[in-house]
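Each in structure tokens, the structures are laid out below.
First chain A sits with chain B, and in the next complex the same chain sits with chain C.
Our next item is the complex of A and B:
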């Protein structure tokens, strides 16, 4: 039976009170006695040899370069993938002899205030000899391109090949459509930048690094490798963290530098990333290029798919995910939620003179969905059917679930076609089609777009060991402890930075033990206080750590029942837990009294009581290690102004299946937020680079993220097919919202532009691009008319 | 080293006298010197609104306001809104409507939202969005925030009738 505040309840969040009163504690809010501030001197150029770093004499003691760290034995960051052919890069925390992207840290300056540290940084001169730059990944793979790492044979971290024979389909398929598709390089832009405070704790003899991270345990492992310190000598703490989205899921060079300085100087230091640093040095995600061909029959049934894909992975391989995760993932997930037999995909992780790539919410899926869903619409156009009908033709039907697709992805459950039918009904497609035929009085063009995806989330060991990267998730751990006064403490190694885990994990525990939410305390984000975890990424926390919390609570429930039955003079097999009390027949005893007995009146315990007491750490893995598959269909109606190129979103519907929802309010929030980011990807966000690899946006005035007036009131409809493999049937949902918007919006814009013969294929779909597409279409139409009349 | 200037201002109802460098912006002054860390910095370019505070009761961006310019003025931060009845209603509504996730934008959102509630009592959802468009949030997709403000406006309307 579901409890009023257990799994499935829309309860308010425990974390809200402090945040609403400005009493949260973010890294930037922490000041330690004697703390000094850091400012980094960063590379002004994308590729150069460093001839020297000129430090004014009076600031010698306040400026450090790589040689200082190296002398102390500090090692470069290495994130190697075990996939065959992977080329390893070494990233020193401060540049060593060469800089490979604009914004790469070269030196660090230390002073009493940030302003003074920046004053010093402004006087440090990096003397460079500029080298030819790889600013574009397609140029970088050409023979003769300058090498980012000169000892490599080319600029490719890794090439992968998935699938095989497709020539026969290619030769015989009645329908063949080909597209070139591109997505832009983006910044993740959590509203709180990165930040770190480091100090050496003399009493416990530990380096304490308080940092805005999604993965404290992984940062500790990485720091240990770079600093040459035992992990036991390092404690990593994540306080309140102001959003992550992937940007806080890595070991950062700045963390290594801060950690080294704190120990070397033996006093506390703090670095706070400012927005300019973030936009310049951390434009690190989403840049894909596809050459893709779909083969189909006359009804639009897919016969095969073939693609070459390039991902701009930047200059270095990032710890722990490596430089190849994203491109290699393209190869394995490009087929999307569809059922077809023939597939070939070749991918390249390209090394360029740009910031190193980090997985952003949705990782490769946003690009993959953008490409694949354009292809479905292209096939639909070729066969003259509605795009949603062609989706129905190809989606894995519910009676085939669970289903192993062409790349051996194991789809766990759900009704993919139904999500399309519901989305098409909810957006009221017929009404928009009628309006399209009538035409708009203001001359704007109406378009409707649909996009469907499924998302592997909460990937387990089976998925990750194959990558051979520094991190492979195993059994996720949670610790549960009933306190002497009958409350509950939970400890998890994942980290909550907006996901509401303080509330939702309490709901899970409440569901099992019946202890009231107000008396359940979640401890997270501290390597000293929590069990090891790879952290919060990949929409995994509720599935994995939530499952571990449930497992630990069930173990405690078992013990509580035994003690309770003994105290009630009943048999354990007759005892039940109801609303936080053990009941045997009509007799009942609250957990509070059982806790009191264990801690303060042990003489009353049964002689064979479990010696583990009211505290346990349990590990958890879902029954299938291949991840859960949530899925959704997004449908959007737009009005495109053919004169201005502007796009107005008139309605936006999401039909999604996250399995069982622990807190529907929180699930909705994740989707709303994800969609807003997806709209940014679709219409606004791009870090432009010039030919010299200079980033051309450095403030929120030129890097646009969507605001109140750009994001519509999205409508969400839920389907709830419990996963057969997880606790309560939950599926990972954190990233999903951000995956489909670029695809749905692209299809909608192209639906609107169709009467003009124009088409956009690249994100973001800015007014300039839309106008250019219309212009190109009218020029080529004019040219062919001239041709015909000649 | 620049020369400090001594200023006297009211911060959350208390008189404060301090020597500040002319280049120090109000947010740094509040956060680093007054230890009022509820005022957050999301851009320091005057765009994101996370640093929004009240100067003499009017919303302002503390990242592009110099502390020295506040000599003789009254500054209110999110910490100073603990007892404010409109802010109290908004806090309740933000929580009910899930108007915050990581909470980093939240102090600035509350200050701006309070201003909207007081200044635009009849605003519809669209007007709420336009009025709030100087504040950015990367987590919520704005729906919960609009709903929260809507909830407070509706409740005040009902109470007034």
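Our next item is the complex of A and C:
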């Protein structure tokens, strides 16, 4: 690459100086004069009518309920999808007459400290008349199930049907395999929970809401709709944010409440979500159920696929992504990176008495990959081939790129089969197969699993206008400003909460302008200071905002060259930007001097100088806004203890293609973190609910997440196929690591269990489930032996 | 969540601590490392008026060998037991077990007395001290009394500790030179509380041959039967019988896990 710290350089993160020394400023670090703390009274039951909320007289002034907000015109959160048949829900920020999940906010209490606010909350009594509960999505869709929203005809937010005729393939395919597959409901557990500080700034007459969010501009839009305030009266600021993964990619009811309180009280208020609140009230992602059949020929070439998929979308439709994004996405992405022609998929976004579903890192892809990759292994088993060979048989080959698949997804570039070949070589499959044949001295069973996916990222207008949800990404904008002393300020509307944008966007700007990284400052996370953006989600920030930064910097470079050429008494067409200086022949002038000229010696400027000066805001879209397709193959070797059902990961390889990498260390970091979360999905994480919709895990003793001792060293191999559609050829990479681990681990565990005839199909693959699978297999084997000898 | 307001005292003499704990005008609780009580306070599962911090009472922090007995003060931390800066009469058992408790950050504060008083059935010290045949010495308004740890733990979070009493120390009998120790616990994560613990002590010189099945949602099951260890006694049916009276009795998965844990602990002493 052109510059030592430009695109492609392994540069250390600028933000680490602050973050690793514990000097970041998070919501929990903010102290405003007179600030008070909030505690929410939350529903103890999953479904009930509220007869009344009893507030002790002495605390009447410190407790607010929905009636207080409604009297003031506050509106419920409404996130409607334009997809035909979508049923809209209304989510009041505090429950209005009814509660629909355990943990739903009912009242808010204010006190000087959180402990005192909790003391008050403990004295507020919610008088409820309990109603029948929909605790399971498959029960909730049955006729006669109690309805979460009474005026609906059933409990389905949306049903979608993708694809068409498959009956002929079903009747004639030589190989047919069917599976029932399920993923568990999870919490996202970012290191920092949600949190918000709100106050009314009398000077500028604005509600200032400082909140742990991924999308300040969208929160502002949502607040405006709920509070009935012009957007100009609201400023949303995201300070340092300790991870989001989707949980901070929505308008929170607590934000609406805090915003309303700040408008009406003469002091700032703060709410910080604690871990118990998060586990109890925010188990809100990943729960899918599949009935799926694959059809193939004798070599394992896929002929068709059909599936019914249910997603437990919880009680309400979240703003802005809505309740149907996850399930409807299942229909369009289930075919994965494979090339086959016949497909039918029906999906249901089911409304239940659980927290509303929110897109979590990978969104529907983690579940889809889990289902599809099990099917590839199932087909391989049916035709007696290695699973990786069957993948090669079916993956879109590089000579067909760009490629439109069966659901019209436009794969931009890459060599999918090569990622499989490299992963199989790197994991050294033959060695594991030999070990399997030998057997382990400790009796454990070795298994190897492979999973491949492709991930649509940075998808834009062309994809999102079809959803008809409250936001549609258009041109992403960035502002670039050369400062009077020759430094650079960048302003972007996306928000960095772990993505390293302060470093990587500076690298992009450095690549174009040559200004040294230390002198490039990124401003982000503030509606008052940055261009509008839908925010950070969908692995979009580097493609979209990075592209916008490059575009803005190129515009400035053009202006800098013209001024520089004039000052050097040369022609603009002879001028070049080299290492932060304009050069004409042997003559050179640094950008610093050009900045000085524009700001402080304008008499020296050329008469036709661009009046925009050294500051510009530019918009950007890739050449195709159907999204980039990064992809990867994960290969994992495990040892399964058949006595205890425990799983040890012995080796883990990721071969991935993120196109051009702006900073390979940052890409690696995203993959490490994603794989760690994926291992959580695969082996540990599950929020269990009882029949009454009560969440049964409320601390990390019950809700297990992998710690550093459970996450193996992950070996990452990069392929780099630049996207033909984006600046520098970058592709979105933020989510990918979390997509494949459950599938790869499931296939590895089943590879290990194969000699026992046992199989797991549901995540997480816990010891209980593995032992049950072994037990079932031995029971049925015994039964068939008995049958045979009779 | 944040704890309900409480008062806090940190006496330096045991008698003073006992006086404070004997007050009948307030609900008082002793606290040492607060690794279990701390979260319980924050979750508001415990709401005492007064916390009596006993970690500054010098005699409760002592650890010393007296003839055939190792005396361990209630406020000795797991970390200290792990580091082994004492005349270890257990020939390495205590440091090895301590090193497997939670994480070092927890071990730095958590104490052996707090762990046993809390009586989480999955706690390492309950299994270990039971297998070692240790006594717990309890101090209270009526003086001191010694109870075998196996009798002291009555159930889940339930002990023989009477109102106003605290644990003062443990007395662990020294192991002979040829004693063998086996310990296996089943955790899904490093540092997690055990799902099933097997502890085995074979000390022929002292005529001890004991197996303990712990982390079974109740008091540990003690098996003083050499057949279990040396013969064919560790069969799933036998273990299922032993666990029949516990809360996990009849749960095939749990019984299996405990059987495997015990079998692997036994394998360590018979190998």
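We take it that the second predicted complex is superposed on the first by the 789 of 790 C-alpha atoms of A that agree within 3 Å, B and C clash if a C-alpha of one lies under 4 Å from a C-alpha of the other, contacts with A are read in each partner's own complex, and residues count from 1 in each chain.
Everything below uses one rule, namely that contacts are C-beta pairs under 8 Å (C-beta built on N, C-alpha and C of every residue); 3 or more make two chains touch, one makes a residue touch a chain.
All of these numbers come straight from a predicted model, not from anything done at the bench.
Chemist: Give one of first, second, both or neither to describe whether A:658 is in contact with chain B, with chain C, with both, or with none.
Modeler: It touches nothing on chain B or chain C.
Chemist: Kindly classify A:500 by the partners it touches after superposition: chain B alone (first), chain C alone (second), both, or neither?
Modeler: first
Chemist: Return first, second, both or neither, reflecting whether A:274 touches chain B, chain C, both chains, or no partner chain.
Modeler: both
Chemist: Between chain B and chain C, whom does A:699 touch in the aligned arrangement: first, second, both, or neither?
Modeler: Both partners.
Chemist: Looking at A:684, would you say it contacts chain B, chain C, both, or neither? Reply first, second, both or neither.
Modeler: Second partner only.
Chemist: For A:69, decide between first (touching chain B), second (touching chain C), both and neither.
Modeler: A:69 sits against neither chain B nor chain C.
Chemist: Please tell me which partner, chain B or chain C, touches more residues of chain A.
Modeler: Counting residues of chain A touched by each partner, the higher count goes to B.
Chemist: Once chain A of both complexes is superposed, is A:714 in touch with chain B (first), chain C (second), both, or neither?
Modeler: Only chain B; A:714 stays clear of chain C.
Chemist: Per the contact definition in the header, classify A:122: touching chain B only (first), chain C only (second), both, or neither.
Modeler: Touch partner of A:122: chain C, not chain B.
Chemist: For A:639, decide between first (touching chain B), second (touching chain C), both and neither.
Modeler: neither
Chemist: If you lay the two complexes on top of each other, which residues of chain A touch chain B in one and chain C in the other?
Modeler: 113, 115, 274, 699, 701, 707, 709
Chemist: If you look only at chain A, which of its residues touch chain B in the complex?
Modeler: For chain A paired with chain B, touching residues are 12-13, 15-26, 28-29, 31, 113, 115, 189-193, 240-243, 245, 274-275, 497-500, 665-666, 668-669, 671-677, 699-701, 705, 707-709, 711, 713-714, 737.
Chemist: Could you list, by residue number, the parts of chain C that touch chain A in their complex?
Modeler: Per the touch definition, chain C meets chain A at residues 1-5, 39, 43-44, 186, 188-193, 252-253, 256-257, 260.
Chemist: Which residues of chain B touch chain A in the complex?
Modeler: It is residues 21, 23-24, 28, 31-32, 35-45, 47-48, 50, 77-79, 82, 91, 94-96, 98, 100-107, 110, 125, 128-130, 132-133, 135-146 of chain B that touch chain A.
Chemist: Of all residues in chain A, which touch chain C in the complex?
Modeler: 113-115, 118-119, 122, 274, 276, 643-644, 646, 684, 699, 701, 704, 706-707, 709-710, 766-768, 771-772, 775
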